[in-house]
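Going by the order they are written in, the chains are A, B, C and D; count residues from 1 in each one.
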Amino acid sequence: MADFEPRIVAFVCNWCTYAGADLTGTSRIKYASNVRIVRFPCTGRIDYMLLLKAFDEGADGIIVSGCHPNDCHYTSGNFHARRRWIMFRSLCDFLGIDIRRIKFSWVSAAEGAKWADIVNSTVSSIRELGPYEEYRKIVKRPAKEVTNG
Amino acid sequence: MTDNIYMPYLMKVEKITWEAPGVRTFMLKFINEEDQARFDFKAGQFGEYSVYGSGECTFCIASSPTRKGYIECTFRQTGKVTNALAGCEEGSIIGFRGPYGNIFPIDEWKGKNLLFIAGGIALPPMRCVIWNTLDLRDNFKDITIIYGARSVKDLVYKHELDDWKMRKDVRLITTVDPGGESPDWNGEVGFVPTIVEKVSPSSENTVAIVCGPPVMIKYTFPVLAKLGFTDENIYTTLENRMKCGFGKCGRCNVGKYYVCKDGPVFTLAQLKDLPDEY
Amino acid sequence: MNIEKRLVRKGSLEKLFNLLKNNGNTIMGPLERNGKTRFASVNSFRDIASGYVQTTQSSKEVAFPRAEKILDYSKNAAGMSVKGIDPAEIPQVVLWGVRPCDAMGIGELSAIFNWDYKDKIYNNRLSRVTVIGFSCEKADEYCFCTSVGGNPGSTEGSDILLTRMGGDGDFLAEIITGKGARIAALSPELFEEAGNPEKDKFLASVPVRFEREMISRKLDKIFESDEWVSQSLKCLGCGACAYVCPTCACFDIQDEAHGRSGSRVRCWDSCGFSMFTLHTSGHNPREVQSQRWRQRIMHKFSYMPDRLSVYGCTGCGRCSRACPADMNILEHLISIQEAEV
Amino acid sequence: MDELRKKAGELLEASAVKVIIGYENGSDGKTRALFAEKPEETARLVFDSRCVMNLATYVTKKEVRNKGRIGLVATLPVMRAVIQLASEHQVDDAGLLVIGITPESKMVEFKDLAEVEAFVHRYQIEIDSKQKEMLDKLEKMTPSERWDFWIRELTPCFKCYACRAACPMCYCHRCTVDFNQPQWVPVPSHELGNIEWHIMRAIHLAGRCVDCDACYNACPLAIPLNLLTKRMLLDAKEHLGGYQPSIKADHLMSTYKPDDKDNFII
């Protein structure tokens, strides 16, 4: 597993976490380069299907992050998002999807250091978990045979 | 891999022409020269065009079989695949399989007058047969084309319309829906059925070929009947949803017919024999 | 060829199974889960379900899988590479435990895939299938094979047909085709002299409920009838009937992309779905469920006989058993036969 | 039962409704939906423990609605579904009259949907003990075991969408899986397509499911897909305070509380 580099997709809101990640860079804080950031207007826009699509396309881990409660640029987007996360995460767990691979966080525009911590800790925990083979297996399984085998 | 009918020919997008808002014409050339040499089609036939990763969609071959070495298709950007096609550039590679379906019986039309009536994006299926007959011009008597669109900008093949206008051996009448005219528009203004009535072409020794949106077709048929056209002398094409193109997938089944095998070209007489499920 | 009759001892069945298995065949047989049976690859003879009147799913998947790859593509610097399926990858399959109505269904399915263009992918699969049918010892109220040209002991479509002679008895083996003969030749000692047992007395009794030619003639006249609406009001518009049907062949073609490569997949579809005929423009030739229900019946009992000279129904009754709204096709066919025009 | 037939007959006679949707005897000892448009047809109405189909699924169907005002024979789960539909503006008093059947199998008349709502609110949505046992059993498994369980259960699914068709809450003219721009869920019924479809279905029913088991009863392959919605139901209860279908209340998933509790956001 030593040469395994986790692929992490981060779904973040534009106003807090994206700005926070920007600050991480401008503050010259070094952090793992395994993360691909996808910027959204608000966590309220981060559809749960996008998270599944990230796994479909080969992500080993996912970070979802936005403004702290009461800090949403649109007042309540993150509150709505939180409800959905609660339900979605529990459903994933119930299906046996490895929820250790999905990290949810609040990172404000001022928390450049926290962002670096989250990415680093996510990368190291995913590194320990290894590639998400279980999910990849159902994606890659060819549809060529009678599929009811 | 010729024995896998689902396997498309690889085609290169040679040239893209913008016809109208959202409407493009692709000139396609075979990547493999042997495919090119073997390929043959007739006016009225269609094919399945595919963007790998997005899927396939069905439209007619819009170029004439008399023009060798390439095929053309014209499509409006609406669904998943046409949007993906719209993302192609000159040089892109797409898939094509075909030709499928029946043909316009132009051999039977020899010595007759031809009346083409088209609306909007339905000119492309007709363009194929128009050019085919124009390229064999001596075989036919008068050729009249009545073409209408919602507005001036929605008219497709604008350059060819100009060509046809200049030709002495073709009578072209273009029209736009009321309100769709531009200040310098010098064609007709009015819905296609109205204009057909106004132009009042003779039905004597004439076949009419009508393609257009359902509502246009619906109102044009009675006008033609009034002008004395018999159901056997009116042709149209059906545009049912299709997947396979060769009579298996069941999607274009209308009554006992499969539009992909028994069509897309139907006479009005045949159409009247079909349940109203198209 | 003439049908050859042999006797297979009940104890020999497992030997025959193992023999076929060890001969490199994939054996597809009925497996049970949650009280429902479907054909899937069987590893051990003991796993095979028994006691069913008819399996929940038909065996059509063996030649017409619900999702099958028709090509692979990948985009690369040089352009595009597209690869078709390699017939060598298709396994040799023995279809075990098929009822005569399903075996007959193979012929009807083949008629669809072979009228006009002969579908190579389908035929490639089918040519690698050997069908070991089992006659029906029992039937239920949904069964109507005898009304559509079949019967509980029909040999049509099977390569070998086994008929159990009495409750726990041995089997009469009818060796029907060359494929069947090749199986019998693998182990001649398992196929003993049978004499001439009276097969019919071991078969289920399935009364004839209607005459399909009459349905077909009636359908020509009742296209516009209100009957379709009243029959289909309770239809929910799902695809259960089509997906369990041994002869329904409608399909969709879908691309599945992962990055720069992917595949094109042929997968089941159903005329019962509202999306089936929907145009991109929003126009839908069959807009409401009654039209789609009519299409299902017309296709099987009017269009197919007209076009392909076969009917699209084997009387297996699966669609009625599977229907969540209890649309009973037999009842509806009888009421069509009796409809006034 | 006689009372039910009589009432239904009177409603049709008086043209208070144009069609009565109830149950009649069907094939093989089952019951099925009856659409009675003439008073004499109400003699075919039956009601007993076999009547488990959720008839509320029909009230949003175009061809049924075209008949005119509907009289719906409704057990408790059906009434819940009706109230949820009313809160989503799919049915109203002008289009629907409910003829209730209490959990004790007594007929109960309602003047309007508000009365139905009041009746519905007398009962909590409870997951039955056998299903609860199954949920607990799954809960105790490791995630990997659960994954294997679901892959095994969902593999047979051929996506006939009977679960969707039978669900009164799945009334969308065009379901998300039927859209292809973007194509969220793969169309073929392979493992990925199946699991994503069932996740999507469950999530879309979060806070709306009335736990009637129509999806499970409809499944021709008896896949225990109702366990997913049951899990959502328990989650709603545990984390978000639970819900009752209510005509005017905010929906669980379209509202929030600033102090919603979670234990996983860092």
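The rule is simple: a contact is a pair of C-beta atoms (placed from the backbone, for glycine too) under 8 Å apart; a residue touches a chain by one contact, two chains touch by 3 or more.
In this text, all values refer to a predicted model and were calculated from it rather than measured experimentally.
Chain B and chain C have Cα centroids separated by 39 Å. Taking each chain's centre as the average of its CA atoms, chain A and chain D sit 33 Å apart.
Annotation: 45 Å between the Cα-based centres of chain A and chain C.
Centre-to-centre spacing of chain A and chain B amounts to 49 Å, using the average Cα coordinate of each chain.
Shared interface positions of chain A, i.e. residues touching 2 or more other chains, are given as 56, 139, 143, 147-148. Residue positions of chain C touching 2 or more other chains: 38, 66-67, 85, 252, 254, 256, 265. Touching two or more other chains at once are residues 55, 79 of chain B. Judged by the touch criterion defined above, the protein chains form a pattern that is neither an open path, a ring nor a star, and not fully connected either. In summary, the structure contains touching chain pairs A-C, A-D, B-C, B-D, C-D.
By the touch criterion stated above, chain A contacts chain D in their complex at residues 48-49, 52-53, 56, 69-70, 76, 79-80, 82-99, 103-106, 118, 134, 138-139, 141, 143, 147-148. Across the complex, chain C meets chain D through its residues 33-36, 38, 56-57, 66-67, 140-142, 229-230, 232-234, 236-240, 242-244, 252, 254, 256, 265, 267-268, 270, 273, 275, 288-290, 320-322, 324-326, 328, 331. Within the complex, the chain B residues that touch chain C are 1, 3-8, 10, 31, 50, 52-56, 78-79, 82, 93, 95, 214, 239-241, 243-244, 246-251, 253-256, 261, 275, 277-278.
Those residues of chain C lying in contact with chain A across their complex are 28, 38-41, 61-62, 65-69, 85, 89, 91, 256, 258-259, 263, 265. Residues 138-139, 141, 143-151, 155-156, 184-185, 188-192, 195-196, 199-200, 202-203, 206-207, 227-228, 231-232, 235-236, 239-240, 252-254, 256-258, 260, 262, 264-266 of chain D are the ones that touch chain A when the two sit in their complex.
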